[in-house]
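Paired with chain B in one complex and with chain C in the other, chain A is shared by the two complexes that follow.
Let's turn to the complex of A and B:
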């Protein structure tokens, strides 16, 4: 390998790779990136065997070749160097890359490209097409509800459902559930698949205005955005019947300004218990009162005026769950629909752009 | 699952077929056997044995480092198959689960048919064999699943439970480990039938509350439901050191590290432990534990470490070299607010 390429362009490809590589891997090559100079470009790939990301950038290729280099160190070096261009040349005898940029010269020891795992491949054509910014927004609206509990593997991802004209993402950790649905033209066949947490997380990191091409293989999913392609394993498991838990008979509705509601929760939750974080929502005519108490520290209270006429209700909720929703929703006003202290609270945006967006939160019994 | 860890490697690497395979730490160091294939068990190699000893018993065994992420993935795929049959799946470990199929027999007709179908699907979809026990409760199902390993299916209908249990050694019963087994043998009790012949009073007098359990289990009575939500009873960490620890200073430093890990785990799971236990294994493998119950639950590393160090001083550590230390928290306070669930999660 003997190539010259733009330093900033290379940097732009190295950054999103960092989330993929395994930091604590027992397999050394998984902390590496595969670099392959071919035709007029440098291809870059990272994998942790679950999720892989490939990309490329333009390069003047004098001699083709491939090598695996330690991902973090390569990023640090390319980032720290000066100059517009970077030159890389491989001594295949010693598996060492000479890197030159500005006045700096590095020799970086690598691992043979053959040691790098073979990546799964999926073609991008015939795929579902959606604007990537739209898709990324959808992911951002449900990601907080994805379970990080390893034992509940079937919840450690989001359900991606397509049907005619619409794409839906649903995530739940068992205590709360978030669902977002967007209109997407050109979708036909109905299909659903579980996308693992890490793939969603890495997609959230990608910056691109292009269209996303999503394709499902037998065991793998492929997300192609511009030159980048993320491939992950399909998460196996049965996702719960989510429509069943979206309460439709909640008769107590309260409409609140998003920002002041979020700020009030933030203040009141300063005095929740350390372990079981819960605040109470006390709903009565024309007013929502938020309270929190910590046996060691004291109490907090805040009143929010609201348009509510109806029975009084007091319900305990995890303030973080409310904050997650209020942080993801874009509208100025939100609506909570409640029933009683043991039943789920459903939160909606008021006049949002999504065809459907909601978050179901189970109360805390105090 | 049969010989799960080893089976996964043997499935993925055909060159291992028929070979004695040991999954575990390095035999050169102080590694321990995590799993042994059936081929190697013939040489007297079993799990939890020091790897060095395993090499002596079977010098031609193939040693493989455990790959837990891989086992977890496999386990997830297999448990997903289980969940196709019933939502009530209680994982007992990565390779063992209880399934309550009472309300989900319809498409198959009987629990036996469900068991056959599960075995077929795991074999065809995952290339692994599984042993299934069918019984009226967890106790009987578990004993039945161990009855015909590997690749077995044992069905014990309700009216056959006693005939099935009676001739088995008492060791098969849940809660009968080496110590209880020795005590029972000392009382002339070898089989479950022998145990059943004793009165509840006698067993309670000898074993306390545990005795009441033995009385019930010997009759095949087990009312524990299959629970999808695992209730954690303890949380601990332990470590075997590459070189024996000689001084209390060294051990204190290790106890601090272990306490840090335990505290981190407790906080992550939002638990407060009222009972703290320190485990010590001397160089000659004698093992003992010292425990203390505190007035209130704790989850901070400093308190846990302070108690652990005191408990350590109630042992011979410092006068005798130590190869293993462990710290465990248990006796969790579960009062207080309860976050409700949207649905039963597996």
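Let's turn to the complex of A and C:
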């Protein structure tokens, strides 16, 4: 390998790889990136065996070749160097790369490219095309509800469902459920698949591009964004029948200004109990009272004007779950649909852009 | 009229019956044992009202002929032993010949049996009296129906518990045999509902694993590590221990020659081995199958055959070794408390723990890091002046850690030319400055231990454990009057349990509700969890419920007591997480505050998990060490 390429462009490819690379892996090569010079480009790849990311950038290639280099160190070096260009040349005897940029010279010991795991590849046809910014927003609207408890592996991801003309993303951690549905033209076949948490997280970090091409293989999924391709394993398991879970008969509706509601929750939840975070929402005509109590520290209360007409109602909820929703939603007002203190709270944006967005939050009873 | 009279035979039988038959589950036990001894490949059990109304045990074993069918109900009628010498070699499960006669004395019993399909006998007995004997068509095997247990002993009947509770006991019995006999098909119906059904599997290690999975679910079966042991000819030590994930559920099954025993000595070996290898009290699941030649084991110690005695005292040790090997394998990585790679976390025995020391000190000879500046010579046993009442291991460890005193052999660094051993002084460390002083804070050792000068010696306080203790007491006080918020789940979580465990949890459900749990029993040994205490992670909640379901001791069915128990558990885990860790430097003020609160604690000597908080080295001990005594 003997190549020369633009330093900033290389840097742009090295940065998103860092999230994929395992820091503390027992397999040394997984903390490395695979660099492969081919034709007129440098291909870069990272994997943790579950999720992998590949990309490439233009390069003047004198001699083709491949090597695995330690991901973090390479990023640090390329970032710290000066100069517009970086030259990389591999001594395949010693598996050492000489890196030259500006006036700096580095020799970096690598691992043979053959040691790097073979990455899964997916057929190029049958891709579904979605605007990437739309997709990223969808992920952002449900990501908080993806379970991080490892024992519930079937919930450690989001359900991606396509129907004619619409794409739906659903996530739940058992206490709450978030669902977002967007209109997407050109979708035909109905299909659904579980996308693991880490893949969603890395997709959120990718730079904006116009389109996302999504493909599904037998065991793998691929998301292609520009020249970057993220491939992950399909999460096996059964996702709850979410439509059945969402209450339809919640007849008590309250409309609230999003920002002041979020701020009030933030303040009141400063005095929640040590054992469990819960606040109470007490609804009266035109007024929402938020209360929290901590037996050691004291109590908090805040009144908030709201659009509500109906019976008085009081329900306990985890303030963090409300805050997650209010942080993800974009509209100025939100609507909560409630029934009684034993039933779920369903939160919606008012006049949002999505075809459907909601968050089910299960109550806390005291 | 004389006061003393001879009891009539029937009464004698009824009294004797009480020893064997205590409740429906004891009937099930005796009948299932008989079926197994008869070589059955399939055993069907049916209960009505927990067995209080009816118990049916049907097998496909060898059956009995017409004479035996009647004789079987006589006291001490048995086909299993002939002479006292046979007792030495008991290989069958039953042998006393008491079971059937006892059961027949206190219930309405119907026996149908046939040695070959077709020509069978039917015998009906009520309260010990034969009512009918007649030929009947019957497939090969024996079917016993026991109805109206204790119908003639109202005093016993009154002591029977609710059907659910009796059913649970019976289930536990059947489950116990199903584990020991993987080649036999077992089924249990209760009030017409199938509660347990196990298909026959092979009797090897993998067959056992499959059978455990049939009863307790595939999750447990996956988390088992097989036991392997070097044993003598004729012996077999097989089975499984659970890995960390199975901890805290009391699923302990010990079998000797396929007989479920509750032998305290064997369990003690298990508990000790877990504590030693895992350094924790989270006991994993245990399925231990021991086989020894019949003459090597005495099962005649206890009428319910719950205890056994082994002739070879070394056998228990071999079992312990097998357990240790499997537990080591199951342990995985664990950081040592002081995180020094060379030194074990044990303390020299000279430091008398004020709390209970949980693990016996092992002699980890040579693992102490030598002090810089020279070799440390061996301390000969007994060479330490006055050290005779100390444990040997402790004396040696101590000697290595702090350099031996002059009496204990000469270390190069001390043995400089101008060095002379100090003449014994009479002035003691203690009491030199008149009245004893109060505690004085000396400082912190390695960011982990607080050193304290006390009126009678040097004190070391484990800061993490001390803080944990304080937080625990604080939390416990706080919880005492706070209600438990309950988080509902989007979809109920299904807990996979054994049938007996599911039943127990269903019984506890009403008491668990005020604690924040909403449980709903499902069929097939599963329980749905619809809501849980808001402060518990789902994992933790599941573990807790599992432990309750498998707890051996009776659990308070009273919500208040149960709640206190759960809160205590929670407080213990919570305080451990929040307490200051090891290697965390504290200022003098922080240490002072910690210690003064500790002195006011209800129980300052041990953490909620039982580890000691304080270690003391008395002045007397120090003086001895320095050769002043």
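Note that the second predicted complex is superposed on the first by the 364 of 366 C-alpha atoms of A that agree within 3 Å, B and C clash if a C-alpha of one lies under 4 Å from a C-alpha of the other, contacts with A are read in each partner's own complex, and residues count from 1 in each chain.
Methods note: a residue touches a chain if its C-beta (ideal position, glycine included) is under 8 Å from a C-beta of that chain, and two chains touch if they have at least 3 such contacts.
Predicted, not measured: the structure shown is a model, and the values here were computed from it.
With both complexes brought onto chain A, simultaneous placement of chain B and chain C is prevented by a clash. By the touch criterion defined above, A:296 lies against chain C but remains apart from chain B after alignment on the C-alpha atoms of chain A.
Contact with neither chain B nor chain C is seen for A:171 once the two complexes are overlaid on the shared chain.
Of the two partner chains placed by the overlay, neither chain B nor chain C lies in contact with A:87.
By the touch criterion defined above, A:362 lies against chain B and chain C together after alignment on the C-alpha atoms of chain A.
In the superposed pair of complexes, A:278 makes contact with chain B and with chain C alike.
Applying the stated contact rule after C-alpha superposition, one finds that A:237 touches chain B and leaves chain C untouched.
Once the two complexes are overlaid on chain A, the chain A residues touched by chain B in the first and by chain C in the second are 151-152, 172, 174-177, 240, 245, 273, 275-276, 278, 316, 318, 342, 344, 360, 362-366.
Residue ranges on chain B touching chain A, taken from their complex, read 65, 72, 76-77, 79-80, 83-84, 91, 230, 270, 272, 299, 336-343, 345-346.
Chain A makes touch with chain C in their complex at residues 149, 151-152, 172, 174-177, 240, 245, 273-278, 295-296, 316, 318, 342, 344, 360, 362-366.
Residues 26, 150-155, 172, 174-177, 236-238, 240-241, 244-245, 273, 275-276, 278, 316, 318, 342, 344, 360, 362-366 of chain A are the ones touching chain B in the complex. Of all residues in chain C, those touching chain A in their complex are 475, 478-479, 481-491, 493, 531, 533-535, 537-539, 542, 570, 574.
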